[in-house]
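In what follows, a single structure is set out as C-alpha cells and then discussed.
Letters A, B, C and D mark the chains in the order given here, with residues in each chain numbered from 1 onward.
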C-alpha cells in the first residue's frame, strides 16, 4: 500500500535538500554588502539560474525564520590537501538590511549554518542568438550572474545595472569577465551615468527591438521595466521577492497576484514555488502588492 | 525639591554599576567548567568576597535574562603596551549547565558582554585568629576563594572541598598557594578521600570546636553542614542560590524563607539583596525551598 | 546519560490512539504549516509521522488575504494567510490520491464561514475513505451572526460541533482558539457536543507595526501569533483542558524540539503537533519523534503512556 | 539618517498627560519590575522618567508565593511572585519619603483580594499628597466570589472601578488583564465606571514544565508571561482598546527598545511602560526615551503627539 520515498522523489524530480554545512568565507565587498561562500556538495549540479535558497542564520532560534537569498553562483575551490576532491560551494551576495542579515554579516569561516535549496523556478533561456538584456537594480543583480553565465554561451548579453550610489553597484567586473557588455547608472551619478536604469533600457530596446529582457530589483523599477517591455511587445522575465516562511509552498505566506486575478476570483501564486521568476505576462501588474519595502532594491 | 543623583548614591553607599565591557579570556579548566576574565575597571576596589554579578551573555536577547555568578576573584593584568595602566579584571568560574552557560562557553577574547555588580551582601570576616573552615561543594567553591584570600591575613584557614568526581574539584592549588590547608573528598574517590565533605567537617570540628564555618554548595550539602554546626553551636555563614531576574531586589523572584517565617506571618528575604550570604541562624532551614535543581552543586 | 540505561534495549512503544485514530507515534504537523503533505516529501518520509494534518479546507476554494501575509516577531511569527485553500473538490481530486499512497492516517482540517458551510464540508469529508479523521477549526467568525468567532462562545462552539457531529461518522477533533477568557468552558462545551478529541491551541491574535511607514506589518492588520513565544500559553491551556475533559487532547503551540513536546505530553496531551518549527527545520518532526523515544529510553519507560499526564504536583 | 534632518535642531516635545498626570516623556516602568523606585537608582536618575510606578500594594503586607517564582521561557519569563509587597502602611512610612525627593510623578499600583479591600486601599492612597495617581490592578481573583478574576468580567470590573472611583479623587488608571476573549468589552466597562486612563497589558497566563522532574517550573504551577514574546499580543490589544475608548491608553508588554515603544505609540498609546527589559538592562528606559526623541528628530516631528495614533491604514 505504501510508497517508497526515494522512488517518490525520483518520480517528482525533486532536487531540493537541506544542507547542514559550514561557511567557507564571508566578506564585505562594498559598504553593507557581503559575499558568503557556503560548502554545499552536489548543490551546483542541481541549481539553475534564478533559483534561491533558504538560509538558517544560526542554530539558535534567532532569527526564528530562515532568510531567502538568490543563488549568486556555484563553484569549486581547490581541496585543502592533495588527493581530496575540490570543495563545491554556493555563493550568495547579500545586503545588511535588518536583524538577520546583521547577524549573518558577523559569521565567519567554519561557522555552522543550514540551507535549504535549490528552491523555486528559475529563468528560462529564451531564443538562441537573440540579444538578452539583463536589468538589475541594486542587490537585484544577484540572480542575473548565473543567468548571464548560462546565456553568454548562446547569445549576446547586455547588463544594465542601476543603484543609488556607486556602493550599490556590485560585481560588474565579473559580468564583464563573462563577456557581458555592462552599462551602469546611479541615482547620484557617482558611478556610470546619472539617472535611472530604465532610461538605458529604453535606449537599448531602440537598438535591439527584439531583445529578451530579464529583470530583478525593487518593485518600482520592475513595474517601470514591465511597462517599457509591455508597450514594445518585448519578452520579459522578472524575479520577485516576497516575505517567506517555508520557501517550499507550504505556508502560503509569499503569494503574488497572477494575471487572471480579480477580486471575485482571486489568483494567488506562490512566489517560492511558482516563482521567484515569472514571465511578466503571468502576473497582475496593476495590483501586484508585493510589499515595496521588502524589495532587495537599490535603496 | 529634587535630589541630585550623585549625592543620593553617596548617601546610600551604592557601589554597583553596569559595565559594558569585553572578555579578556575564557578557558575550560576542567571538563564542563570555564574561567572567564572580564575587563572591569574599578570593580575590584568595590567587590567584597561573597558578592556576585549579573552577566549578560549576549547583546541579542538570547538568553533573555542575565545570569548570576559569584565573583571568583579580581585582579590586574599587565597593560598591552608600556606606560598604560594595568588592566583590572573580574574573574568568574562557571559550570555549563544549560542554554545560557553553553553560549557563554563559546565566547572569546574581545567579545562584548555586560555585567552588573558587585551585587548583594558578602561574607563577614569573623573573629581574628579563630580557625576558619570553608566548605565548598563543586562550583560552590567560587565565592570561597576571595574569602580565603581575605581571611588568611588574620586567621588559619582550612578548605574542605567536595565534589562528585575529580573533575568537579577546582582551583585547589590556588587555595594552597594562599596558604590554605585543603582537604578534598569525592563521591567516587577519584580524588582525595572517598565520601562526603560533611564527614571531614565533623572531624575538623572535633579538633577546632570554636572554628567559624563558611559554606557554599548544593542545598543538601548546606543543610547537612548547617545541622552539624547548629548541634555544635558553631557560627556558620552560607551562600545561597536562587533563580534571579533582576539581581537588585526589584522583582522579588529570588526569595528564601527567613528564620521568623511562619505560614501566617511569612518572612521572605531576597537572596540577591539580603544575601546571597546569610548567617545560618537568620534562615528557616526546616522549610527553605530554594529549588534543589538550581544549586551550583557537585552534581 | 543515554548510555546509563543501555540495559533497556527494547524500543519503547510510542503508539497512541487519538479519537480512535491509531498513530505510530504522537507527532504530527499542525494544520497550515505542512501544506497538503506533498510539499515536505523531499525532506522527510510521511510514513514516519504519527499522522498528516492538512491545511484548513473550506467548501469552495478560498483566496486568502492580501500581502504581506507573514512577519517575524521575537521568537514568533504572525500570519494572516486568510485560510487560502484549494477547496474541498480540488483537494479530493488533486491531493487525496497522493496522500493515499502512505500508511500514515490523514487528518483533514476544515472550517466554514457559517454553520451551514461547516455542515456541508463535514458531509463531503465523511464520504472519503482515505481520510482517517477530521480536525474542525472553530476559530472562524460566523459571518451570518455578526462575525462572532464560533470558538470564543460556548453556545456557538457547541452548536457547530453538534451539527458537524450529526453529519460525520469519522473521528472528530475540535481545534480551539486560545483567545478566550476560560478555555475550559469551551472545552467542556465541545466535549458535550460530541467531539472525540480536542486540539489546542490555535494562534494568539497579535499585531506588529512597521515603525518607519507607520503601517501594520500585515495587510490584514492583525494576524495569528505562533512559534516558541507562545509555548507557555499553550502548555497552560493544554494542562487546563486535560484536567477538564475526558477525551484526548492534542497539544500544539511553539514546539521546536523533543523537550518542548514532552512538556505537553507531561501535562496530559496524548499527542502533539509541530507547526512553525517545520519552516525553520523541515525535519523538525523527525527530531521530535527521535527525541521522545530517546527520552523514554533514558527514563526507563517502555511505553509513552507512562509519560502522558505524568505531571508531579 | 540622523544627520539628514540636522536642520531641525530644536528638541522635540515629548511631554504627555495621562489621566491628568503630566509627564516629561511617555516612558515609565511597569509595576513589579522596578521595586519601589529605589532599587534602580544606582543605574538611572528617576528624574529622567515620565513617571515611577510602584510594585503592586495591598492593604496588609503580602508574603507572596513559594519558590521557585520565576523561570525563563523563549524570549519571555514566567513569574508567580504572588504580589508580595510591604503593604500600604510600610509603603507610606518607608518608601514615600524617598520617592518624594524626585520631581517625577509617582503612580502607585495596587490591588485587593475583595471589593472591600480595593476600596480601603483606594481611600488610604487618596490621602497621600506625594502620590500623583494610582494604577488599579484588576487581574486579581475576588476571593469572596469564587475566585473570579475582576478583570475578566465586565460587571465585576465595572463594580470594582466604580467603588475605587467613589473613594478616590486622584487620577485613576485601570490596568487590564489580556486573558480575556474581548478586551474592548472590559475597556468600555472600566471607562464607563470612571477610569481616567487604561493600562494594558498585564501578563498572559502561562506554564512551563521541568521535563526531567516532571514538575512545573514554578511552585505556583502557572505564572504570568512577560517580555518580548508577548509584544504582538500587547500591541494588538492596545490598538483595539485605543480604538474603543476615549481616555488615554498606556501600552505595556515586551518593550525592550525605542522601536518597540514606537509601535505602541503609533497604534494609539499615549505612554508606555517598560517591564521585563529593566532586568535585562537597567538603563533600558533611558535608551527608550532617547530613541523616541531621536526618531522624532529623524522624522521631523516637533511633538510626540504627531506620532501618537499615527497608524496608517
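Operating definition for what follows: a contact is a pair of C-beta atoms (placed from the backbone, for glycine too) under 8 Å apart; a residue touches a chain by one contact, two chains touch by 3 or more.
Please read all numbers here as calculations on a predicted model, not as lab measurements.
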**Request:** Identify the chains in contact with chain C as well as chain D, in label order.
**Result:** none
**Prompt:** Fewest touch steps from chain A to chain D?
**Reply:** 2
**Request:** Just grab the chain with the largest centre-to-centre distance to chain A, centres being mean Cα coordinates.
**Result:** B
**Message:** Please tell me the distance, in whole Å, between the geometric centres of chain A and chain B computed from their C-alpha atoms.
**Reply:** 54
**Request:** Provide the C-alpha centroid distance between chain B and chain C, rounded to the nearest whole angstrom.
**Result:** 46
**Item:** Inter-centroid spacing, chain C versus chain A (mean Cα positions, whole Å)
**Value:** 35
**Request:** Find every residue in chain D that makes contact with two or more other chains and list them.
**Result:** 74-76, 213, 228
**Request:** Would you please write down the residue numbers of chain A that are in contact with two or more other chains?
**Result:** 61-62
**Asked** Think of each chain as a node with edges to the chains it touches; is that a line, ring, star, complete or other?
**Response** ring
**Message:** Applying that definition of touch, give me each pair of chains that meets it.
**Reply:** A-B, A-C, B-D, C-D
**Message:** For the complex, give me every residue of chain B touching chain D.
**Reply:** 1-3, 5, 8-9, 12, 14-18, 56, 61-66, 114, 116, 242-256, 265-268, 289-291, 293-294
**Item:** Residues of chain C that touch chain D when the two form their complex
**Value:** 73-76, 78, 152, 179-182, 204-209, 211, 213-216, 221-222, 225, 228-233, 235-236, 239, 254, 259, 262-263, 266-267, 295, 310-313
**Partner chain A, residues of chain B touching it in the complex** = 60-62, 103
**Request:** In the complex, go through chain D and note every residue touching chain B.
**Result:** 32-35, 39-43, 45, 47, 55, 63-64, 66-72, 75-77, 79, 81, 84, 101-103, 210, 213, 219, 227-228, 256, 276, 278-283
